Amino acid sequence: MTQYYQNADESRLERGKRALAEIDGQAGNNVVAALADIAPDFARYLFEFPFGDIYSRPGLELRAREIATIAALTAMGNAAPQLKVHIEAGLNVGLTRDEITETIMQMAVYAGFPAALNGLFAAKEVFAARFPVQREQVA
Amino acid sequence: MTQYYQNADESRLERGKRALAEIDGQAGNNVVAALADIAPDFARYLFEFPFGDIYSRPGLELRAREIATIAALTAMGNAAPQLKVHIEAGLNVGLTRDEITETIMQMAVYAGFPAALNGLFAAKEVFAARFPVQREQVA
Amino acid sequence: MTQYYQNADESRLERGKRALAEIDGQAGNNVVAALADIAPDFARYLFEFPFGDIYSRPGLELRAREIATIAALTAMGNAAPQLKVHIEAGLNVGLTRDEITETIMQMAVYAGFPAALNGLFAAKEVFAARFPVQREQVA
Amino acid sequence: MTQYYQNADESRLERGKRALAEIDGQAGNNVVAALADIAPDFARYLFEFPFGDIYSRPGLELRAREIATIAALTAMGNAAPQLKVHIEAGLNVGLTRDEITETIMQMAVYAGFPAALNGLFAAKEVFAARFPVQREQVA
Amino acid sequence: MTQYYQNADESRLERGKRALAEIDGQAGNNVVAALADIAPDFARYLFEFPFGDIYSRPGLELRAREIATIAALTAMGNAAPQLKVHIEAGLNVGLTRDEITETIMQMAVYAGFPAALNGLFAAKEVFAARFPVQREQVA
Amino acid sequence: MTQYYQNADESRLERGKRALAEIDGQAGNNVVAALADIAPDFARYLFEFPFGDIYSRPGLELRAREIATIAALTAMGNAAPQLKVHIEAGLNVGLTRDEITETIMQMAVYAGFPAALNGLFAAKEVFAARFPVQREQVA
């Protein structure tokens, strides 16, 4: 999944569902499920605008899009759950762990050391859950 | 300049000066000059840490680093001069105008439409100054 | 309690205590109690300025004031405990659950989807604690 | 225009264009025109999501929506042009100047005095441009 | 004016006016005057809470209070006019130019280099207006 | 440790390690240890730039530096772990509990009451862990 796609026969909603599933995987589904009893329409908007419109655009590859999102969420520092989802998403679309930690470390320059530290600890959590065997090997 | 370099014989300061010149060009020099009579040591730190340390690391290519920076500065929305410098820097390291506007548009999802709009208008200014001929051809 | 009141015989402190009790209820008392051993004067300021001065002003009804506060705290995204207190306060002064979720969803436009999502999940928690019977009926 | 509307025969784009024209008036058109040569798709998204989806929802009246937006943009403090557009929009949908200044003043409690001051000075500019006669009468 | 004062016979308003005049000088008066036709009550709150209550408290000397304010406004990066007022105020209460620039430079660590740069350029403007002779001597 | 030091024979790294140990104590070591398996280079940067460069500068005493940091982190409101580390650091370099709570309370003026409240509750936690005997005496 290096580059992206639009399918003329698809609605924004269908395209968004497909993109969310590919990019965010189970984490995306969990968010949508959690919205069901409080704001189901918002789940639809989440499919349609971020994923059906923006992530589906052809002008920037998904790996670059996830670098942009990880950078922004690290810098803003007030959306820890979404940062973790997108660190996971970065891995899903082919970023290496090194590329993710480089992106986060760079945010020390633009948003300060605390923002970068909190981003690195979020990545540590995501990597530990995703690569448990490799961590055992290290131990 | 697709990928980066470290030169073992170079000090952090020398490496940072070289990186800043390559990435930010004249805009970087202007910032350093403006610091001369208020905080000259800060110009040194600016060479050394962001450019000598971070941008010189090999783990992420410069194009990706500029996407991360443009994303973060757009999302934070409180550093317009630096955002313009890095839109320019993005062009310097090989990003296309489309890749830059895609990165900025995506920030509507993470930081809201006003942040994205203000980022797009910053890009419009930078592009207009940098590509004056092409704009005449369009008109 | 559709519109508000000032009582000329009341001090700012008395007026603030009355307003805080009406608007924030027990949650307001808990905050004040928690301040007792660290910064008791700050509890007095909290009564006096936000509640004795601002919320007691006649020019904007309380329902609108709580919409403003819920919107701002959702958008800023860095004050989760206070957002929950004010979602509760919104219910106290007569906002419907729908009006609160609409306000929060709208923040996706101004502060991004993560801010709106985190606000919706805060509302979900507050509503679940406040309306347990209705949730059982749904189940 | 106290409450809102959806028209089943309308597309999101048409509905968004209608809503943007009613709410933001000429200021909205100016933003869209300014996007034409940098990111025309973004103008479409601006019609569709904020205005075609969110502002067109029936669960919250437009006056309350503008209070929410003015509060959030004042509190965030990093989107002065959009704050002015929405102070104007607040007047367009029937908010009084007093309701707008009350909303902004209240943000001193949640985002500090500088944010509230900068919001009040933005309102002062918008009111001066919109009500020039009344200002002359005062003088 | 190394340490501060409270006068039991003074109202909060009187004390706040005195403190604002001592700390912010003419810049404070200008802010109050600018509020007269948009939100005169807010000028009273500005005297009473920040200056009559907070800055008048004995537990922290004024020099330290201005360091705290300069640090916070530099880090937040969205209140340039107030940052300049408080750089001026820092000089008024006895901070040296070096202490002010050290405080601002330190914010690179906590809020990033752009915030620190913009703070330094604000200080450069304030110092240039306040110490014109010394700048000529340098030239 | 009222004023600071630079030792010409020391590298930035050595100086930073010494400064971090003096200022942040065990909390600083914990941060560095936590970085070991995710981003060890970042631990080096943390020693070198914030502590080896900035905190080691002679122009501002450490007590003032910690007031600046506590103020900024309280105001930003998105870095609770680092705020606690620096409340502890403030005590380490000689700030009294009163000076720390005054600094935090003042942030209500610049960043709003929620930011100040969350800062005060962070201080309450740090003080309770550090001064357990005195709390028992109170009980």
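Per-chain residue numbering starts at 1, and chain names A, B, C, D, E and F are given in the order in which the chains are listed.
In the analysis below, contacts are C-beta pairs under 8 Å (C-beta built on N, C-alpha and C of every residue); 3 or more make two chains touch, one makes a residue touch a chain.
Model, not experiment: these values are computed from the prediction.
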Exercise. Could you tell me which chains make contact with chain B and chain C both?
Key: A, D, E, F
Quiz prompt | Per Cα centroids, the chain farthest from chain A | solution = E
Quiz item: Which chain lies the greatest distance away from chain F when centres are computed from Cα atoms alone?
Solution: D
Practice problem: Go through A-D and C-D and name the pair with more C-beta contacts between its chains. | Solution: C-D
Quiz item: Counting a repeat as over half of the contact pairs in common, which of A-F, B-C or A-B repeats D-F?
Solution: B-C
Self-check item: chain A-chain E separation of Cα centroids, rounded to whole Å
Solution: 41
Quiz item: From the C-alpha centre of chain B to that of chain F, how far is it in Å?
Solution: 31
Exercise. Could you list which residues of chain A touch at least two other chains?
Key: 41, 45, 49-50, 54, 57, 73, 75-79, 82, 101, 105, 107-115
Quiz item: Any idea which chain F residues touch chain C in the complex?
Solution: 76-78, 101, 104-105, 108, 112-118, 120-121, 123-124, 127, 138
Quiz item: Considering the complex alone, what residue numbers of chain E touch chain A?
Solution: 75, 107-115
Exercise. Enumerate the contact residues on chain E facing chain D in the complex.
Key: 31, 34-35, 37-39, 41-42, 45-46, 49-50, 73, 76-79, 81-82
Self-check item: chain B residues touching chain F - in the complex, by the definition given at the top
Solution: 41, 45, 48-49, 53, 57
Quiz item: Inside the complex, what are the residues of chain C that reach chain D?
Solution: 49-50, 54-55, 57, 59-60, 64-65, 67-76, 79, 82, 98-99, 101-103, 105-111
